[in-house]
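The data blocks that follow each hold one structure.
Same chain, two partners: chain A is paired with chain B first, then with chain C.
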Partner chain A sequence: MSLAFTRRALLKTAAAGAAAAALSRRTAAQASGRVVVVGGGFGGATCARELKRKGLAVTLVEANAVYTACPFSNAVLAGLRPIETQQFNLDAVEKEGIAIIRQRAVRADPQARRVVLEDGSSQDYDRLVLSPGIDIRFDALPGYDEAAAGTMPHAWKAGEQTILLRRQLEAMDDGGTFVMVAPANPFRCPPGPYERASLIAHYFKTHKPRSKLLILDAKDSFSKQRLFQAAWQELYPGMIEWVSLSSGGKVIEVDAKTRTLVTDFGRHTGDVVNVIPPQRAGQIAQAGGAADRTGWCPIDPVTFESRLQPNVHVIGDASIAGGMPKSAFSANAQGKVCAAAVASLLRGEAPAEPKLINTCYSLVAPDYGISVAGVYNPRNGVLTDVEGAGGTSPVSAPPSFRAQEAVYAEAWFQTIAREVYG
Partner chain B sequence: MARALINVPAKAKRGEIIEIKALISHPMETGYRTGPDGALVPRDIINRFICTYNGVEIFSADLFPAIAANPFFSFTTTATESGRIAFRWIDDRGQAHLETAEIAVE
Partner chain C sequence: MARLASVLTMGGMMSVAVVVMVKTMPAAAQGVAPPGATSCSGCHGPGVSDAAVPPLHGRPSEEIVAAMQEYRNGRRPATVMDRVAKGFTDEETRAIASWLSQQP
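For the complex of A and B:
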C-alpha cells in the first residue's frame, strides 16, 4: 500500500529490463515478492499455503514441531478422545515448497521490513503476516502467574495444559467440585468455556455422578447461552451452577496454594480449578508494534493489514476482527482472504472486498452438538455481521438433530485439519 | 425491585480504612432505545444511591441514563464505631431497595 513499496516494485520491474518484455502476459500478471508468515496454526498455515499457490515465495516461522489444536480439546479433557488426534505437523506444508524456519520470531522492524528470530538472524520481507494466536496475560488477574497455572491450569492453549487439567479431573473424588473462571470479552473461542463445562459435566455424569460444576463468570451473557442452558437443564440437571457478573461472578484475585477464588462479594474453593484468564495477541504482535492498548491488533477489514504498521498483516485470534469471533474457522477464512489481498497488493492491484464466514460448533455431549454461524463483510472500516445471515441452532429440536450436529462438528474438524495440515 | 449484593468487612480496627462494595441487578433502561415494535422503551433507571453508617451519610451518587446495567459501586470509609451500614437504591418510580450489614469495630 505504501508509496515506498510501489516505487520499489517499479524499480524492480525496470531492473528486469529486456527480460521483462519476454515474459508472457500471464507470468507478468503474477505477483512477486517475499512473504514471511509467523505462526503455523490454523490461520498462519492456511495463509502460507494460499500465498504459495498464488506463486509467491513464502517463509513460515514456527517454533513448535508439533501443533496441538484447540478445537475439540475439550473432548480430550472429558476423556472422549486422545490428545494425539489434536496434533499436527508442518510436513505437508513444507512439501508444498514453503520454507519453514523452526524458531521463534522475537521482533519485527516494519521500517526495515525485517523480522528478527531468536538466534539473532533475520528475514527480510515485502509483506509480513502475523498469525501468533494468543498469549495468556499473567499480569491481569492477581495471584494468577505461570506458577499458578501449574496448580490451576488454564488449558486455553492446547497441549501440556490440557493433559494437566485432564489428570486433575481423573484424580478428583466423586462428589468433588470443579470450578471454572470464565473471562470477560474478548477472548479465544467465545463458546469454549461453556462447551468445556458441558463435556466435563458429561464426564462427571458418567464417572463421578455426585460431583458439581461452578462457573464464575466476568460476563452477564455468553455465546449460544440459551442453547447451552437448555441443554444443561436437560442433560445435567442440578449439576452446573453459572454465576454471572451481576450475580457476583467476577473473580478479582486467586490463591493457587489453597485453590481459592476471590470475587467482589465472596470466596470460593474447588477440588479442581480451571482459570481461563484474560488474553492478548501473541508476543510477536506486541513486539512488532501491531497491538494497541487493548493488547489486540487493529486491522483493515479488507486486507487484514495492520492499522499501526505498514506491510504487516494480522490474522486469527490476535486481530480485532469486528464481529468475527476468535476461532479456528475464522482464522482459516482470514488466512485465505489475507493471502488474496497480499497477492493483489504485491501486483499493485486493489484487493477485492471480501465476505467471510464463521461457524462454531460446540458439543454439549458426545452426541449433542449445537452451532452458531455468521457472515461478515467490511462496513465503515470494521468486519460487520451481515444481518439475516447465519444464526444459531434451533432452541427446540429432536435428539436426532442434535446428534446430526455433533457429526457435522467432527466432520468440520476433520475437514479443516486436512485442508490446513494434510 | 431488584437483587443486590453488598460487601462490608464483618470486623475492622478503629481508624482502619475499609472498602465497601455494592452491586444491584438492574437493566438501567435509558428511555432512548426502541423495542421490536418500533416504540420507545420507557426509561427505567436507578437514579440515586445512598450509603449510611449508623445513620450518617458516607457516600451518595446521582445516576443517569448513560450508566450501564447493573451499577457497581466501590468506595472506602474509615471504621469509627460498631454498627450498621445501610444501602439504598432509588428508581425512577420512587421505589427503594434496601440492604444492611453489621460491622464490629474494635
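For the complex of A and C:
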C-alpha cells in the first residue's frame, strides 16, 4: 500500500517551511503574558505553536522524549507500516522559540497560578493549557490492571503497547481467535476499535485466513457502524463477529492469566486479546481540579477555559467538547481556537465565537477509506453540531470513492503531522 | 492592509467579504482568523503543491468561495467537502476565503 512516506524528507521540508511561516506570521497586536502548556500531543503542541506565533512566551511541558501518534497505529498492528512512521519529537517546536521542559507535571495550583513538576520545581503562568490526553482507568474493569495490560494489551496509547499487540498477532497460529473488548462512550477515537478490527481482519485474510475476530462491546451502536458492517460483509465475510451490549457483549471481569473475558452471559477466551478499557482525562487534569466526577473536564466552548478552575484551559481528549469526538483532528482544531482565545483574553479583549471542524478517516482496508465529519459551534454553552452539516461517507459508493478516501486519510495524517511537529 | 486593498479592487462579491471582515474584527487584529478558518489546515496544509489535498493558503479568495458554493449545492463532486461546506453560510465562507487567501 501507499502508506509509507519518508518521514525525514517530510520533516526537512516542513522545518524550512515552518521557519519561513513563523517569520511572516507576526500579527499587528501582540498580547503579553506567560502561558504554560502541559502535553505535547496533537492538542498541546498545536496550541503552543499558535500561542508563540501570537507573540506570547510559551513553555511546553512534555513527559516523553518521543511522541508516538495513535492515528494510523492500527495499520502498524496490521503490519502495513513500521512504528517509526508514527514517531515524532519536539525539535521543530523548540526551534520556534518555545521553551520545552521534558518532565511530567504532577500538580497545578490554580490559585497561585503555578504548575509543579516531578523534580519539585515549578512554573508560574498567567494562563495554563492542559492537553494531557487520556489515562487508562486501571480501576474500572475488575482484573484489568497494569500487569494485565502486559498480557492483554490495550494499545490505546501508541508505543510499546502497539508493538506488543503486533507481536502477539504475528505469533498467533492460523485459525486462532482475536478478541477485542470495546468500551462504553465516551472514549478516545470512537471509530478506532472498528478500524482496528477491520485492519486486523485484513491481516488475517492475507496471512492467516482461517482466523476469526470477536468484538465484545459495551455499546449497542458505534461510529460509522453501517459503513463498517457493510464493508466487513463485502471484504471479510464471516470473519468478524460483533456482540452488542444488549446481546451480552459487556465484559464485566477479565482474567489475564487465562485470557478469559467474563460477561453476564458467559465466558470467552481468545488466542490474542485486546482490551480497550474505560478511560479518563490525564492525571494532571484530575490533580489540577479540572476534571469532574465523570473523569473528564467541562469547558467553556468559546475559550476552552475550565468550568472548574479559572485561567486553566483544557483541550483535546481530556475535555468535554460536546459533539466533537475525541480525535487528533479535533485536538488540533481546538488547539488553534484555544490559542486565539487565550491571546484575546491576555490582551483584555473578548474572545470571538469559534466554529470548528472535525474529520475522522478510518481504513477498512489499505485501499478502502470511510469518514465522518462535523462542523461545531457553541450553543447554550456546549459545542454543538451545526445542523445540516457533517455525517458519514455514503453507504453505497463505488470502489473509486473508497480508494479516494483512503488516499485522503493518509494525506490528512501527513499534513497534520507536519503542522504539529514539522 | 496592502493585501486588503488589492482584494477590494476585485469588486462585487469580494468587497462585501472585506466589509464583513472589517466590521466583525477589531481594527488592530485583521490577521485574526474568522470562525472556522483555522480548522482547514488540518487537511489543507500550506506549501505542498502536489499534495492529494490542495493547499488553501494564498489561494484566490473567489476560487475558494466558488468551490464551497458548489460543494454546498452539490454541483461539485466531493467525498467530504460537501458535508463540511454545509456547515458554513455564504458570509462565513467569504470571510474564511478572504483570510485564507492572505495567509503565507
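Going forward, the second predicted complex is superposed on the first by the 393 of 422 C-alpha atoms of A that agree within 3 Å, B and C clash if a C-alpha of one lies under 4 Å from a C-alpha of the other, contacts with A are read in each partner's own complex, and residues count from 1 in each chain.
The rule is simple: a contact is a pair of C-beta atoms (placed from the backbone, for glycine too) under 8 Å apart; a residue touches a chain by one contact, two chains touch by 3 or more.
None of these values were measured; they are calculated from a predicted model.
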First (chain B), second (chain C), both or neither touched by A:Val66: neither
When both partners are placed on the shared chain, which of chain B and chain C touches more of chain A: C
Which of chain B and chain C A:Asp220 touches, first, second, both or neither: first
Which of chain B and chain C A:Ala184 touches, first, second, both or neither: neither
Partner chain in contact with A:Ala171 - chain B first, chain C second, else both or neither: neither
Contacts of A:Lys355 with chain B and chain C, given as first, second, both or neither: second
Which of chain B and chain C A:Ala140 touches, first, second, both or neither: neither
Touching partner for A:Ser247 - first (chain B), second (chain C), both, neither: first
In the complex, chain A residues that touch chain B: 220, 245-248, 264-266
Contact footprint of chain A on chain C as seen in their complex: 24, 26, 28-36, 38-48, 51-53, 79-80, 83-88, 92, 104
Residue numbers on chain A that touch chain C, as the complex places them: 13, 17, 20-21, 24-25, 27-29, 50, 329, 332-333, 336-337, 340, 349, 352-359, 371, 373-375, 377, 386, 388-391, 393, 401, 404-405, 407-408, 410-412, 414-416, 418-419
Chain A-facing residues of chain B, complex: 3, 5-7, 21, 23, 25, 69-70, 72, 74
